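Below: one structure, written as structure tokens.
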Amino acid sequence: MGAVSEPKPILMLGLPKGSLEESTQSLFAKAGWKITTSSRSYKPVIDDPELDGRFVRAQEVSRYVEHGFFDCGLTGYDWIQENSSDVVEVCDLVYSRASVRKSRWVLCVPEASPIQRPEDLAGKRVATELVNTVKRYFADRKIPIEVEFSWGATEVKVPDLVDAIVDITETGSSLRANKLRIVDTLLETNTKFIANRRSWADPVKRKKIETIALLLRGALEAETKVGLKMNAPKRALDAILQAIPALRNPTISPLSHPDWIALETIIDESVVREILPRLKELGAEGIVEYPLNKVVY
Amino acid sequence: MGAVSEPKPILMLGLPKGSLEESTQSLFAKAGWKITTSSRSYKPVIDDPELDGRFVRAQEVSRYVEHGFFDCGLTGYDWIQENSSDVVEVCDLVYSRASVRKSRWVLCVPEASPIQRPEDLAGKRVATELVNTVKRYFADRKIPIEVEFSWGATEVKVPDLVDAIVDITETGSSLRANKLRIVDTLLETNTKFIANRRSWADPVKRKKIETIALLLRGALEAETKVGLKMNAPKRALDAILQAIPALRNPTISPLSHPDWIALETIIDESVVREILPRLKELGAEGIVEYPLNKVVY
Amino acid sequence: MGAVSEPKPILMLGLPKGSLEESTQSLFAKAGWKITTSSRSYKPVIDDPELDGRFVRAQEVSRYVEHGFFDCGLTGYDWIQENSSDVVEVCDLVYSRASVRKSRWVLCVPEASPIQRPEDLAGKRVATELVNTVKRYFADRKIPIEVEFSWGATEVKVPDLVDAIVDITETGSSLRANKLRIVDTLLETNTKFIANRRSWADPVKRKKIETIALLLRGALEAETKVGLKMNAPKRALDAILQAIPALRNPTISPLSHPDWIALETIIDESVVREILPRLKELGAEGIVEYPLNKVVY
Amino acid sequence: MGAVSEPKPILMLGLPKGSLEESTQSLFAKAGWKITTSSRSYKPVIDDPELDGRFVRAQEVSRYVEHGFFDCGLTGYDWIQENSSDVVEVCDLVYSRASVRKSRWVLCVPEASPIQRPEDLAGKRVATELVNTVKRYFADRKIPIEVEFSWGATEVKVPDLVDAIVDITETGSSLRANKLRIVDTLLETNTKFIANRRSWADPVKRKKIETIALLLRGALEAETKVGLKMNAPKRALDAILQAIPALRNPTISPLSHPDWIALETIIDESVVREILPRLKELGAEGIVEYPLNKVVY
Amino acid sequence: MGAVSEPKPILMLGLPKGSLEESTQSLFAKAGWKITTSSRSYKPVIDDPELDGRFVRAQEVSRYVEHGFFDCGLTGYDWIQENSSDVVEVCDLVYSRASVRKSRWVLCVPEASPIQRPEDLAGKRVATELVNTVKRYFADRKIPIEVEFSWGATEVKVPDLVDAIVDITETGSSLRANKLRIVDTLLETNTKFIANRRSWADPVKRKKIETIALLLRGALEAETKVGLKMNAPKRALDAILQAIPALRNPTISPLSHPDWIALETIIDESVVREILPRLKELGAEGIVEYPLNKVVY
Amino acid sequence: MGAVSEPKPILMLGLPKGSLEESTQSLFAKAGWKITTSSRSYKPVIDDPELDGRFVRAQEVSRYVEHGFFDCGLTGYDWIQENSSDVVEVCDLVYSRASVRKSRWVLCVPEASPIQRPEDLAGKRVATELVNTVKRYFADRKIPIEVEFSWGATEVKVPDLVDAIVDITETGSSLRANKLRIVDTLLETNTKFIANRRSWADPVKRKKIETIALLLRGALEAETKVGLKMNAPKRALDAILQAIPALRNPTISPLSHPDWIALETIIDESVVREILPRLKELGAEGIVEYPLNKVVY
């Protein structure tokens, strides 16, 4: 549609299809890229002529990044390990909120099972989606065991179909609902932004990869931060800054009234409920919290 | 999950189940507490180890706060009255927007009914969910009447099943749709944050209750406020401040250009549409309105 | 409901029903007016006693504005043209984002059709919803053709039912899916805010119309803008301002530390992904992007 | 997909898009043809190599049947009249249930309007989707009036935008909700199966059209009929047949017990609730009602 | 709409609003009455001029039937008991399937509670929706206890808010999910069709009530029955009838082939999976199962 | 819940989770078994004490049937082959409708690819979910190729990520939408009911397996059949039976009128639209089609 020659894309992005698809699009939107998928095509449209991309299953992203079909991509640490993919881990893409636990791949048995340690599984069978990782785990411990690929619904297979499973869990609630007991944790995982080694060595590609990483992280950072501004009597400033370490680096501006100053800072949303009452006690007024789109330190 | 001993909750919160459930969770989220309910359990998870809670029907919150099963809770003024609950009313949780009317419990009859005043109902029957309140209302007026508990759909019961009803209404549109006429208003109501008397007397609990109240109100306040910032020529400042009383207490900062200053303030969203054209006329430039999460004066 | 005499509305607004209805309500909400429609009535409730309104089909708004039943209204440029309505075009209501193409009414034939120019359609039949405009187009070119009103699903009518169609398209994807080829563009269109000529001549009405226009545009403007603030070393200021033209007019405030200054500005969201990495390279710190509700220059 | 030459379709069917689309597919399914539409194409797939078809708006079906683009089609009588289409009306496709009123196009004014008869509208304006029909109606009565095409939501245009409307109604409830009063009925309408005159004259096409008509009507008929079977003592047969005229033509089969016979018949579902208690009183046993797919007398 | 005088309804029906509303409408539809509710009105439309009706809460139906506002109605046995309503129980409306247990109101405590018998609750508190019934239960056993009305979510109140609850359960799965233990069953309940005593004494009303009861039960009966027909060699008939008692009363018809007969009968759907293989072994052929709408013996 | 000892299940059923889950439950329901799954547990409840079951992925059913964890199960022929499972194929579970093509696993390349035959893929890479089957296919043809496991969305991988794919297709429409060309068909597949060899050798288990097979097939058969009954003049019988072979084996019953007979038969629904008009021409009357639940010859 038009004779204008479009610039050739610099990067081919590998994006995870399935459960992470929508959150990936949402994260890129916050970072500044609109990734549109249509029901008629699996090729996303990205509003940046320097970027092209494909959605494939999260399990496969690292394989195709390693092979160079993708210059970079998003996937979980678990699948990088499972595929033994030789890629550059550019950055983590995790929420900084302390209360969010990483997802873990855990070895589980029924609550009532006599199995207490991995060794007790010698000669038994375990089902998992992460076959290579589980085989390595037991081989390292010299425990002979049959590891069987599970196509899904792994948690319902014990004890009828297999003796133990290795499955992923975030809060453990699904395991509890299936009356399973955790014997060991094999792997902690979270989303990573990874790059192909040759693409990373190419200065033009690397610069673009780093720009994307900067903005993805800036958007993620902003999800757990808020802006806070207030007016305070000058004499209260020291008390405020001492009492509230989280405020240690505020922007302080003069106000027209010489005895008052304006403070402005960025803090973790999770501490606002503690800090705000303290600020009021210390004499701050007109305290306002506002939302952020991106935060880059 | 882990041997770390968790701090004992300081407060047990009573939360209203049903029509207010979602908005209550949303309000607490804005205030800074994430209340998660799962379909498998009615016990909410609150991301604050000092808080535990339960969802019960709004009708019952004040009863259990009075008895001390809850230290504090959210419920309507109507049900505090109906239950004659002896509790501390910590604060109102209402939107400050002038145009929003409070909900009212009203005595209604069919449009065509000959009944014009409460007295005309002597010897008749009235259905309501608020039996005690309605009985008191007629007893105070010495009008003999049969008051019958209505399990719901009260507005369709007149004139076939009862002679009048006492039902809740916000805009009156449901009453009009059922061709009902309001004879009298018995009670105005809105959401209250209430506390048990003994909990309120305990300094640790009271401090926590006040913190919650401060942040709930800060979040509610922010829903009807916006931030406004602009640059203005210094010479226009007085005119601006005089012409626009709502701006009377702005943060005024110097700019690099000596003839200009930056103004920033918080105002009611509802007056922006009047103020913004005036500001432009008076010489303000680069006027920007931005959203707020919390406002505490 | 109450004996208080309400002020008489100053303006009657014509609002587009159908596909634009929800986005119109959302745009007015951002501008500061809450337009509520109920399923029981087509008369919207507007929270401004000076405004009344009606939802009619977008095709009819300009007709009723011209006749004076509406003082002003929102509709597309296409339907103003189709109806040859004599109205005041107060302002465009379009997104300023460069990547968004305007919608176009295009003359299309099947990909495999021998028709290459409008002239090739002489003696043929074309279906369209925009009958008058299409007739004028062919009359201007002195091409004899039968133009037939299409009630919808126009794109499936070629080649079985007609030889060509004139239909609206934004990205062309629906045309490509139906294997159609564009022969010519007849009209570009976007949403306009229009006014009746007599209402525009009335100073009171015109002032209110201009206020609405100012705020609608302020809200639209804010959708593609974001606020950006950062701290920077004073010595980097010139480099920053030179390197990044989009930042040319920032609010610059002193900070307590004499070597640092605070910069704040409003920029297009679409350039943030380029500017933010540059700012960091040039020494800016604590870069924060935040969302806006309205922007008025 | 395959070199087998498919038979050329005998008939091109015109099918109504929009509100009738789903019920049309459902009716054809009951009649024995599966019409599949995909989101990727407006061309339906019909599981009969002798049939091809297109979905167009109900308003246009008769026009394209008349022109011969369709051999036959389904549309309303109202649009055949509005388009003055010269087509064969093969059969009605209406439910035989007595309680279902036909849809009517009615001339309406606001309840409070002084207009009582069509004549009172002389010199006024009326809005309608059925412009030609309404013009003819007033011309026949020599009443001068301006008739204006309404793109929809016609019922909300009175009295603000026009003086009267002509709109379609089934039960009148939407008119009452908009506080409109019916002045006159212009047209009753229901779905018709129509054919092109030349197609009807072609024996092969006509035979296929008649087959479709037979099965569509057989399917419609079955929607209001049920099968009823029972055993009865022979001596009660006359009483049963006399008492219940609807049973006058049953299939009567002998049973192994010589004093009893089996009756089986097809009756209107709507009379079962009256007939069944009577049958039991008269001695029938084992009365069973079962559903039907098609009924052809 | 029309001057025809409509017949006065004979009966006023009380219908249960809420969880039973949809299934009640569906049951009446199968029985032969279409009950239509609109979002604009709580008065249902019933396609039988002899019937009028109202939807009220199931808890209130028996009260209004007793008072004579309704001639008859549908409600649960539990609420008839709770209200101590003096009404005629016309018939049960339950599914005959053996595997469906009736709903039960059960006294529950937490699994870990020391309470084992009702006596152990002396001096404690119990919450329930069925206050009168529970008070009677404990009074009969001379156990002093405080019974408190629960507005809902009763199962989450133990042990935090009360010591025990009396709640309704069908399968017990919700109780198990809340880790409750059943101490005793107070009441079994199912849906009843009830009548006012005066209406039942009126021959015209009673006849209509009985007709409705007959058809409601005929429709319910059909939900668990199917029709079965087959051909069988005459010589196998005795073996078939002996082997399969459920077939003991079939309709047997002669066929054109003198050695074969046709059998037809109505049986419980739940036994088909056992009977069908047996029938085939015994020589039956062309065995067909078909669905039923109503069965009246 | 109760001290009654329940019979031990005779069979453990393997049921396919995922895309086939709902249709499997629906098929068993038609056959006479209610399989209930709850969101709280993956163990289905089956209303037959002789049956227990588990839902696992279709890919795994044959593996667990072979190992004896399941006595029998439903899965596709493709996965039996892929797993090289040694199981008894009890019966096919396919719709008999001629127009329904079996699903096929096909080797595909992009439309524009130079690859025309499997041999052209020597040295290339192919992605598939059916790795073993594809490896065998190329090994049999001595074509060296890299076969890579695809986790899904296989059809979007060519040509960017791999050279060819082997994917499943029913109608080919998804392949066409992705602009793929079929090079060869590797496997046709449909659902099979399979059994473990030891279970099949056990007479009690085998009898139960055969009963299930009989009823599943009876239910499937009924989906494409309908019952047809009519009255006909005796003299027309031969003509009817000759003209319409599908009616060759009807049940013929005498009627009370000696010149007429009743015909009843079961025929393919797909031929009704041809047969019904013929029957009417030949003198049949009162032709009725009714639905069936099960058909066992």
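So that you can tell them apart, the chains are marked A, B, C, D, E and F in the order they are listed, and the count of residues begins at 1 in each.
Throughout what follows, a residue touches a chain if its C-beta (ideal position, glycine included) is under 8 Å from a C-beta of that chain, and two chains touch if they have at least 3 such contacts.
In this text the structure is predicted, and so the values were computed from the model without any measurement.
Annotation of subunit C and subunit F: jointly contacted by A, D, touch as defined at the top.
Each chain gets a centre from the mean of its Cα atoms; the one farthest from the centre of subunit E is C.
Counted by residue number, the contact pairs of D-E are over half the same as those of D-F, the matching pair from D-F, B-E or C-D. One inter-chain figure worth recording: subunit A and subunit D are separated by 58 Å, centre to centre, where each centre is the mean of the chain's CA atoms.
Centre-to-centre, using mean CA coordinates, subunit A is 42 Å away from subunit F.
Between the CA-based centres of subunit A and subunit B the separation comes to 37 Å, rounded to the whole angstrom. Residues of subunit D found to touch two or more other chains are 40, 177, 253-254, 290-291.
In terms of which chains touch, the assembly is arranged in some other way, matching none of the line, ring, star or all-to-all patterns.
Contact between chains, per the stated criterion, is found for A-B, A-C, A-F, B-C, B-E, C-D, D-E, D-F, E-F.
The residues of subunit A lying in touch with subunit B in their complex are 99, 172-173, 177, 226, 231, 253-256, 262, 269-270, 272-274, 276-277, 280, 285-291. Contact residues of subunit F toward subunit E in the complex are 1, 31-33, 38, 40, 47-48, 210-211, 214-215, 218, 222, 227, 249, 251-254, 266, 290-297. By the touch criterion stated above, subunit A contacts subunit F in their complex at residues 17-18, 40, 42-43, 54-57, 59-60, 64, 69, 150-153, 155-157, 160-161, 177-178.
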